[in-house]
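Working notes, structure below.
A, B, C and D label the chains in the order they appear, each numbered from 1.
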């Protein structure tokens, strides 16, 4: 047996790519979980085709899953990949330019027959014509080997056996990166408990892949990626939408309130609805409404009823909700509106990510209609950020807009999940009838300018409210000029005072310097990676990432003045930068990318350098 | 007979106030027309009750009509009134604090009986208890005198006779301001042609009022307001919504296109629908849709069909249209969206004015979704501004948002209307099939980045477009990252290039100085009046009023830098000022009023002075 | 119908349901009578004020909650039904009422209405049909007759109107009825039926807008013509009407005929069966059959009623079943998920 | 139906209606068949491609326009009907088709659909009913059966579904029909009927989503069961069905009964009259009558059709009348208004 080198790597990016039917998401997910269990830090991002099921073998049908894992802190799913798995010609074509020069390609040679080449639009075979020069190409006839491995399972047809191809690849990669198969074997046991033949086929394919690496003499290098130095604790892997759903459930539990989700399906927000629909035993009610307007309006009804009303949506759905958001602002009831942003405008790029709904969140309603806006910065952060959104909504009796995006929603990362006890309390205080039986005043405010929440069914608090301008204190309809101005100012001030109840903005890096890179939302990881590298290169720059977009943390203005330059990278055409310039009159500049995909570290490094001159 | 003084006045403000049923709008309108015919410059504003028909005699039921007319240029309906007509106690109570000290009050004493006083919430009679000290009070039992004047018209009952009270007042005011009755007599002839008894009663009341002034010895002063030095030409009086409707009709005629209005009624925009519905012979199609979404969507269908699609609405309706506006931006079709702003947020103050939808117009959509935004600055300006909006929509193949407001919509002023020939051309060029029969490219752009408009029914131009991101040139669906960024930038740049086809921003006043007062929309008159006064007081300030809010005129930035200070008065909580600060990084400051009513000249004068320190 | 337990039997009077707000409808508006009938029946429900919620949209009619001393939400145009659904889903023990207009319910709110009806939340929908937009000062509505001259249609409307009863039946409503502002006794009876029906109750109330559409329903409300032009539906009773109760409705196949009781006996007449959807559908179109020769009366009363699980019942049952199956909620277990690892 | 004049008779083939875009539905999707049948009948209409416009909303089905070489507009979710109305109002000479899904038409777009139907624009609405949201990957829709387990209802849906035919009839539609993806000949026939009906044609097309709701309509589409579970409506013909055409539908009062032709003769059966609204309403609920004991078939074909002036006809007539009355437009006169004065 040939002795093989084992190379130690700090960080590896693998992209699994194949036809939609090839099971790449599952493969990637399994590799991810195994890496996590071993103790690597990681970040993942799936790359679904826009069509439900595009014809097999076509470019439109390619489905991918990217995983970045390492023995150091990982901030993103990775810029370029080190290893590309290409199950067919189309998968190679779509992904080749994301592979770094010198990287490894594992190809299923069976996916490069004449038909596949034609569907992928290759005139001749890239495996043979020099296209892949400079890469380390590992050719395996995965189809054939899988068939062989499962040859004597007579219960299954060829088609079913071929479906195990992905396990072969996974086995091979487990071998290559020296990972145990246990986790996946366990998963297969559970998944196919009722179907022993399929189970057997999958297990055989997995092991065949592993042993193929082990026994075939061609492959001389194996890699080892050690544990990452992560904060001690118990971890799980989590995707953004899942974290968001759990954050809502946790908030419901901790507040002791029922949570009602009124929602209408839309990519990439639907999974929150799907996820929450499973938690009926947590008292979570999900209501698939007839449209987005009914989604938010039913949530408003639920909030008026003394529950946590939530609605989830994306771009076009958000546009439809703006009238009702105005009502919620007038009613001053707790409500959480989650916008999982996607590429716009209009129907836009439904399956791609973007951050272009910030100005809509801040200003996209008729009239002066202020409300708090929060954004999550990583998949796992969706949990705590939405939890905070619920807390603010209840504590300050206000609708809150919570922004996530397609990248966070479908991306995943390790999460040191909290225990229920560690979560901050969400105290709820419903109004109670005055002891002197005086008339209830639904708009009598406390020092935070917050009005009482009267739960229908409570004797003595009967009251009527609506979307017309109302008299302060009594809530009666009022057309009085001065009252209107007063109420507009009070509603604004109420939101601004939330700043007294949120943390000051922190920075990562020097307290003053050449530049502050100011971001928000899903760009955190990429900015972090880029700024870290630039700091290592000696630049005196720092990073600040906003969770609170309205109100801003009290110290933001002072903070901005401590740097020579403020640079604002965004996955849009420049939105936060507008607000910063207006509010603080600093000549902040944007770095913008509007391609439906996140920043890569390297492009940020380069573009920040350009800004630093 | 006593000889009476005739006093010459430069400018007079009269407010007609009474119960909704008292016909004050008609009275005001008649006095206005007569003043206009005489050659006064003028501005008016009606002040409707919020209820359809609040109980008679209550404060909520008071209906008012304010008229400012003069022998000099008039910019607003006036801050305070010189003459108040109060038909009952409630009318007095609601309006007294808008009367200048020393002003004249004409009261109908019959409207101050015990019942009326109680309904108005007066503990005792203000006519007797000193409340009106310092005013010149003219008490007339108008009800009784009207009944007497019409006593022998046996065909009519008391109720019908009492309805002529307003004519008595009008007659009296005609006498007081030395105006001819002809115009009103004519109007009555036409209006009551089929009802001679009612005609007779009205004519008698009118004349009785006139003669009452003439023959009663108590009133010793009459006033004369001479012709104003207006630009020579033919004038008519016009309200904002009416001007807007005419502007649309004119644009349809001049472009040779059909105009389709898809709209859903909402205050204060409904009158545009009502008005346009009358012009069927101009090929105007009005469609009262089932909601605002259907309103704009049907207009989009019409635009796609090669017509001018228009939709009109206000606050809450605008919110509902934002998703469809996004579609129109993607389709790049001509469409005019008129938002007649009202008090917000939510249902807000439906019958009051506000300018708080500017940021919504600019940013209130999902994704990067740019379109031109224009605003009218006076009732008559609604005509030319909306005409320009149509021109831009067609010339640049883009939806355009046109902003007016409740104040402009219902206000009126003299209008030197153009002839059809004087109106700028609106050339329309539909795409034609290529002579070489090559495939039609719906997104092939010209040097203005404008795409061709292909009219369904044209052979060879069959094409399919929609709200998904599209490839430039072909218009095919495209999920390509670079294409998306390109298209986002192109759509933005296309709108920005409109700046090459609009006039540079002008200023009224010195070219440099202490301050520039920058406004937009319905505040023009009030700012003009205030700035004029301040200039007369010696301040070196100027006024610039924006018609184009996106794109800004090319010279705006330079212009702002020519003044020490930029002051932005708005009927909102500060919206244009945000855009100016962001875009030009000048420390512009706002003067804001959010009371559902326009600025008065004097409060602007004072608040600008405060800013000047 | 909502089940409610209270400490003590509640003794309320109509006056207890008046608020301190001035009622601001136009003098003479039909809304006043409806308000009065509602205030009259509310004390008869035997539930305390705090268990009642009135939700409305926008329109003259939608000002209703301000005038009723219960919990109330004056929503946005057309969305009262959607708001009420969310409230009822989370608070099934409350008695939820929607007050809406023909524009609010059938124009902008048409979709939420039909979805509410199919889902069958136990909510009582009172649709004030004045065949006009009152609040916005007189445009025609989706129930206005073709040719109506109104503010937005100076030359007459072109729209074929909805038949609200037929639409509700088409949307699988479980309770469909019609009454009018000018028949207090009947209206009260219908309101009580709405309350007692467990499921969405759709009640069309013809309401006179004396400012913008005065007299639209004179034929049915005025003494002189009412008897000849209305037929009051009663379960199990034959369809008899006319000045002297001298006419009836008979079915010729599926085609309703107006017959004289001098030619036919009462036994020949169609007998109303409020549980028969097919009959209900036929009756929903009875008045439309008017032609030059024969005048068909307009039916009032309950067209159709059936029992079907309410949405909130099904929801509650499902939640209980699932909870039983999955056990008590364990947040820590949920947060852990299925796979974890420990870093130390 | 749209009247069109062209210079020359047009001779087109189905191929002429294919575009250069790859069809991106899932392999096996029922949409392919529908596309094919539409492409098959289009050349039979005798109108040129440029006179045709396909408007759609959002959904798998709504991608249709991209695959059809005519004018096309892929709109936003639920609004195709509203867009089409504006197009047809201004361009009555075009033949306008709406392609929509059960979610697009009945969920978010329910309101525009029912308003389109009552207004009766001459537009052909093809609703692909797969009882699921395809494009968003498998949530239940307003036509999904109660209890359906889908992405958003892991424990079964609680919603009582719409009956699209009953809803359309309740909304006063003038043409209501049903067909299926798997019966090309019938589908073609129905498409042609839609085209030739002057007014809004509502055609429900049962369509198999083989990814998220495979086999939902097997009972009606598969050879083994089709004959026993479907009844094809033909005007003037008795309602016969069954494996051997051995069964029929008979009316007992208003209640349809399934009878065996060994017990009854064909003459006893209900005869389809597509102009009878009452019969159509009864038939619309036929399949719902299934209970443990008796199985009622699902009707296919034209349930109901009637002539009623189309909206655009009424509009055009009104515009002509007004123009005649008011005379040629005179912009200068309009701008002057009624009262002017001269300043010199």
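General observations
The criterion applied here is as follows: contacts are C-beta pairs under 8 Å (C-beta built on N, C-alpha and C of every residue); 3 or more make two chains touch, one makes a residue touch a chain.
From a predicted model like this one, the values you see are computed outputs, not experimental measurements.
With A-C and A-D as the two chain pairs, more C-beta contacts join A-C. For this pair, chain A with chain C, the centres built from the Cα atoms lie 44 Å apart. Note on chain placement: the centre of chain A and the centre of chain B lie 47 Å apart, centres being C-alpha means. Rounded to whole angstrom, the centroid-to-centroid distance between chain A and chain D, based on C-alpha atoms, equals 40 Å.
Chain C and chain D have Cα centroids separated by 29 Å.
Within chain D, the positions touching two or more other chains are listed as 58, 76, 107-108, 110-111, 115, 142, 155, 159, 315, 318, 322.
Across the assembly, chain B contributes 280, 290-291, 316, 323, 326-327, 346-347, 466-468 as residues in contact with two or more other chains. Judged by the touch criterion defined above, the protein chains are all mutually in contact, each touching every other. The part of chain D that touches chain B in the complex is made up of residues 19-21, 48-51, 53-56, 58, 65-66, 68-76, 79, 82-91, 93-94, 111-112, 115, 315, 318-319, 322-323, 325-329, 331-332, 334-337, 339-344. Those residues of chain B that touch chain C in the shared complex are 51-56, 58, 60, 264-267, 270, 273-274, 277-278, 280, 286, 288, 290-292, 316, 346-347.
Interface residues of chain C facing chain B in the complex, by the touch rule stated above, are 22, 24-27, 58, 60, 76-78, 107-108, 110, 133-137, 139-140, 142, 151-155, 159, 211.
Residues of chain C that touch chain D in their complex: 107-111, 114-115, 118-120, 142, 155-156, 158-163, 166-172, 254-255, 276-279, 281-282, 285, 308, 311, 314-315, 318, 321-322.
On chain A, the positions that touch chain C within their shared complex are 33, 36-39, 183, 227, 230-238, 246, 249-250, 253-254, 258, 260, 262, 279-283, 285, 287, 289-291, 293-294, 297-302, 304-307, 309, 323-324, 326-327, 331, 416-420, 439, 454, 456-468, 476-477.
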